[in-house]
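Next come two complexes, and both contain subunit A; in the first it sits with subunit B, in the second with subunit C.
Here is the complex of A and B:
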């Protein structure tokens, strides 16, 4: 077990990478064999994530240096700075890893039946695993260049998967838009990394944070990094690609692409808190994040309620919910240099924002799956053409109701717990922001009431008389997420104390991250 | 484990669930005291609209684009403004990226 714990950071990346490349080969043996191998390997990775989580919460940050005689040895002999490829997994990294893995496992199980009759399944599963590798690598990496590499991996795999259903013209268009915005964002990230490397000769995040001088060039690099990640996480006004891509991606992939946006949000937090935080007044960048969050919340929800395509509606809600996360963590960032405000409400606001990441990944991911379950059975995403589906798709209806109540912040669901933390703590920072957040929740409820009424209620339509519930593996995929939602709803205290608060503390405590690599280096 | 405690308040979903269960019990009790002459599958359950012939199922369901019609009508100006930047053209999306980038660089360099 000790061996597995020590090597888990690399195994969590290497095992799905191996799965991605062996998938086309094992597909030749049989589809069932390939599916079994993929589910088994991802379950094994989930197990590794769990033991790494336990280890990190017990012993603190884990560093894994590739090529070192001992993996924990970040600095090579006679070197003052780290030069090797390195994973540095702290509270926030493992929190994101846990979120990503739960969503990936549910999405993989859901996809088994969904793509059963499609062509190119081996490529689908290869890209699926590569997308997972991109996300988890981005969350675990300890250096800026590999952050760029993993960002590229997730972007390319995501674009391939978004356009998987090439028989649908809008799928190809959605994939094309995704790769273009991802490539341009990644170029800005690379440019920023180039600026930092030319100044400091360093790529390690910890070493860069340790050496940061806050020159004008550093601030330009910060703007390049922050806005590139905001584009990837689809924050308003850089959100327009998201509905075009989310709406057309196959079932199982939409939650994954959405979770990859959450990974970009993690990258934004890592840059603003760890790379730049602690040395300068973060109020200005905090307010930039808050304004982007409020715009995302408000415009996202107002656009969502207007939609009649169920997946575009949910995509706009995804943008709106990202706003809550930006708002909560933005308030923490704005008061980062004020210890009293941070202790009074900044840390709670961050807890709320970070708790909302995992909550939203679960219920938003599940809602995307219910939308695709409807599309799978009736072949349309148009709400105007739906009605009475609750008569024949009872499980999907129940799952939808749970997801809709959770996302609308109705007690006792988990969405309420994270939103309550955000409302109350943000109110102390600026009451107007909190009022806007509550209004957005009301419109969210109205919007999902519209979906529920249009799709599930009403008389049984003659056209849908033969419609049946979706296959079992798709129900199991949704069921995994519902089980997590219910658990998180009943035990919010446990979740916040054990995984959310350590993630928040990891972001606030920049010195601990730096010391994890630089040790006693002055 | 169930109670979420933070600086100034607490949230206990278990208490909420208990209250919901008590309310559900009261509702069920009141319902059980009601009329018992209801018969499923008889004319009692047929739709009655002042004697008008009931339209077929697909015509009885209000389509999604009619829901909240008044809300959208009142906010027509807002929605027209909002729709304008959502062109669906990738070149415009990239222009937005560049514009926001420039504004952020200026804000950071001038404020900090």
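Here is the complex of A and C:
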């Protein structure tokens, strides 16, 4: 057990990587065998994540150095700087890892039946695992260059999967938009890494944060990194790819790509809080994040209202919900240097923003899955052509209702818990922002009511008389997410205290991240 | 002032390459040209990284048979190598997508391939 805990950071990355590359081989034995192996390997990774989570909440940041005699040894003997590749897992990393893994497990189980009749299933599962590796690596990595590498793995796998259904012209177009955005943003990240390396001769995030001087070049690097990550997380001025890609990606992949934008959001937080935090007044950058968040919230939901394509509508809502996360954490960033305000409301705002990440990955992912379940059965995403589906797809209807209520922030669902945290704390920072957030929430409810009425209620339509409930694995996939949503809805306080608050502390406490690596340096 | 100019020429080239690339990506509508823009952007970043590692009169950073004198930095070269590989795979993926777009739409003009709008 101890051995597993020590080596879990690398195993969590290595096992899915292995799964990705043995998938084409083992599928020669049989599709069923391949599915079993993939699901059991991902379950094993989930188990490792749980072990690592328990360990990190008990003992704090865990560093895993590749090639060192002892994995915890970040600095080689007689060296002042870390030169080895390392994973550094702290509260926020493992929080994101947990989110990613739950979504990936649900999406994988859902996909089992979904792609059953498609060609190229081996490649689907290979890329799926690579996408998972990209996300988890991005969240665990301790140095800037591996952040770039995992960002690229995530992008290439994500774009390949988004255009998986190449027989549909729009799928290719959505995938192409995604890969362009990803390529440009990854090259921006690499350029920024080059600038940072030229100044400090370092790649490790902790060591860079330790010696950050905050010169003009650093500012340029920060701007490049921020633009790149906002592009990837579909914040509003740079959101144009998201509806296209989310709408056309196959089910199971849409939640994954959505979670990968949350991983980019993690990277943005990591850079602003850990890499640049503590050296300067973060109020300005905090306000930039807040404004991005408010714009995303408002424009996202306004664009969603008039959509008739169900997945496109949900994609705009996804952009809108990302705004809440940016708003909550942006408020925390704006008051980071002010201990009183931070203790009063900044920490709560960040708790809300971070709690919203996992909530949203769950219910938004689930809503995407229900939308695709409808598409699976009736072959259209156009809301105007749907109707009366509630008669035949009872489970899907129930899941949709739960998701829609959660996303609109209706008590007692988990969306309400995180939104309430954001409203309360942001109100004390700036009442106007809080009012906009509540308004957006109302419009979200209105929009989902429209979807519910046009898709599920009404008399049974003759064209859909033969429509049946989706196969069992798809129901199980959605059920995993619903179970998590209900658990989070019943015990929001417990969840905030046990997994969200350590994540917030990990972001605020820059010193402990640095000490995790540079501890030996006087 | 004058003696710094030769050292800065690569950086000026980097700025030019990246500017041209971003212009192409933002304003060109032909999908192949957009891919070329990405390639040029990648080349600009690679040139930037290699230039960072360059030391005047440096030798290759191989410790076993190193002659006296300064070495060029090895890490940026490793980064460049990785980036070359990644850029190639990204471009290959994009070209396949353009191929499929052409099959579906009979055209590679981004203006005409607008299935997803609004």
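Here is the rule we use: the second predicted complex is superposed on the first by the 520 of 522 C-alpha atoms of A that agree within 3 Å, B and C clash if a C-alpha of one lies under 4 Å from a C-alpha of the other, contacts with A are read in each partner's own complex, and residues count from 1 in each chain.
By our rule, a contact is a pair of C-beta atoms (placed from the backbone, for glycine too) under 8 Å apart; a residue touches a chain by one contact, two chains touch by 3 or more.
Computed from a prediction, not measured in an experiment: that's the story for all the values here.
Peer 1: One more residue to check, A:194. First (subunit B), second (subunit C), both or neither?
Peer 2: second
Peer 1: Going by the contact rule set out at the top, does A:224 touch subunit B (first), subunit C (second), both, or neither?
Peer 2: first
Peer 1: Could you look at A:384 and tell me whether it touches subunit B, subunit C, both or neither (first, second, both, neither)?
Peer 2: In the superposed model, A:384 contacts subunit B only, not subunit C.
Peer 1: Classify the contacts of A:25 with the two partner chains as first (subunit B alone), second (subunit C alone), both, or neither.
Peer 2: neither
Peer 1: Please work out whether A:244 is in contact with subunit B alone, subunit C alone, both, or neither, and reply first, second, both or neither.
Peer 2: Once the two structures are laid over each other on A, A:244 reaches both partners.
Peer 1: With the two structures laid over each other on chain A, which partner does A:51 touch: subunit B (first), subunit C (second), both, or neither?
Peer 2: neither
Peer 1: Does subunit B (first) or subunit C (second) touch A:490, or do both, or does neither?
Peer 2: first
Peer 1: Under the stated touch criterion, which partner chain does A:66 make contact with: subunit B (first), subunit C (second), both, or neither?
Peer 2: neither
Peer 1: In the overlay, answer first, second, both or neither for which of subunit B and subunit C A:149 touches.
Peer 2: Once the two structures are laid over each other on A, A:149 reaches subunit C alone.
Peer 1: Identify the overlap between the subunit B-contacting and the subunit C-contacting residues of subunit A.
Peer 2: Residues 176, 180, 184, 244, 306, which sit in both footprints.
Peer 1: Within the complex, which stretch of subunit A touches subunit B?
Peer 2: Its residues touching subunit B are 176-177, 180-181, 184-185, 188, 214, 216, 219-220, 222-224, 226-227, 230-231, 237-238, 240-241, 244, 280-281, 284-285, 288, 299, 302-303, 305-306, 308, 344-345, 348, 351, 383-384, 386-388, 411-412, 416-417, 420-421, 424-425, 446, 450-451, 453-454, 458-463, 489-494, 496.
Peer 1: Can you list the subunit A residues touching subunit C in their complex?
Peer 2: 145, 149, 152, 155-156, 159-160, 163, 166, 169-170, 172-176, 179-180, 182-184, 186-187, 190-191, 193-194, 197-198, 201, 203, 243-244, 247-248, 306-307, 312
Peer 1: Considering the complex alone, what residue numbers of subunit C touch subunit A?
Peer 2: By the definition above, subunit C touches subunit A via 18, 25, 31, 34, 38, 41-42, 45, 48-49, 52, 73, 75-76, 79, 82-83, 86-87, 89-90, 93-94, 97-98, 100-101, 104-105, 113, 115-116, 118.
Peer 1: Which residues of subunit B touch subunit A in the complex?
Peer 2: Counting only subunit B, the residues touching subunit A are 1-9, 11, 13-14, 16-17, 20, 56-58, 60-65, 67-68, 71-72, 75, 78-79, 82, 85-88, 90, 92-94, 96-97, 100-101, 104-105, 107-109, 111-112.
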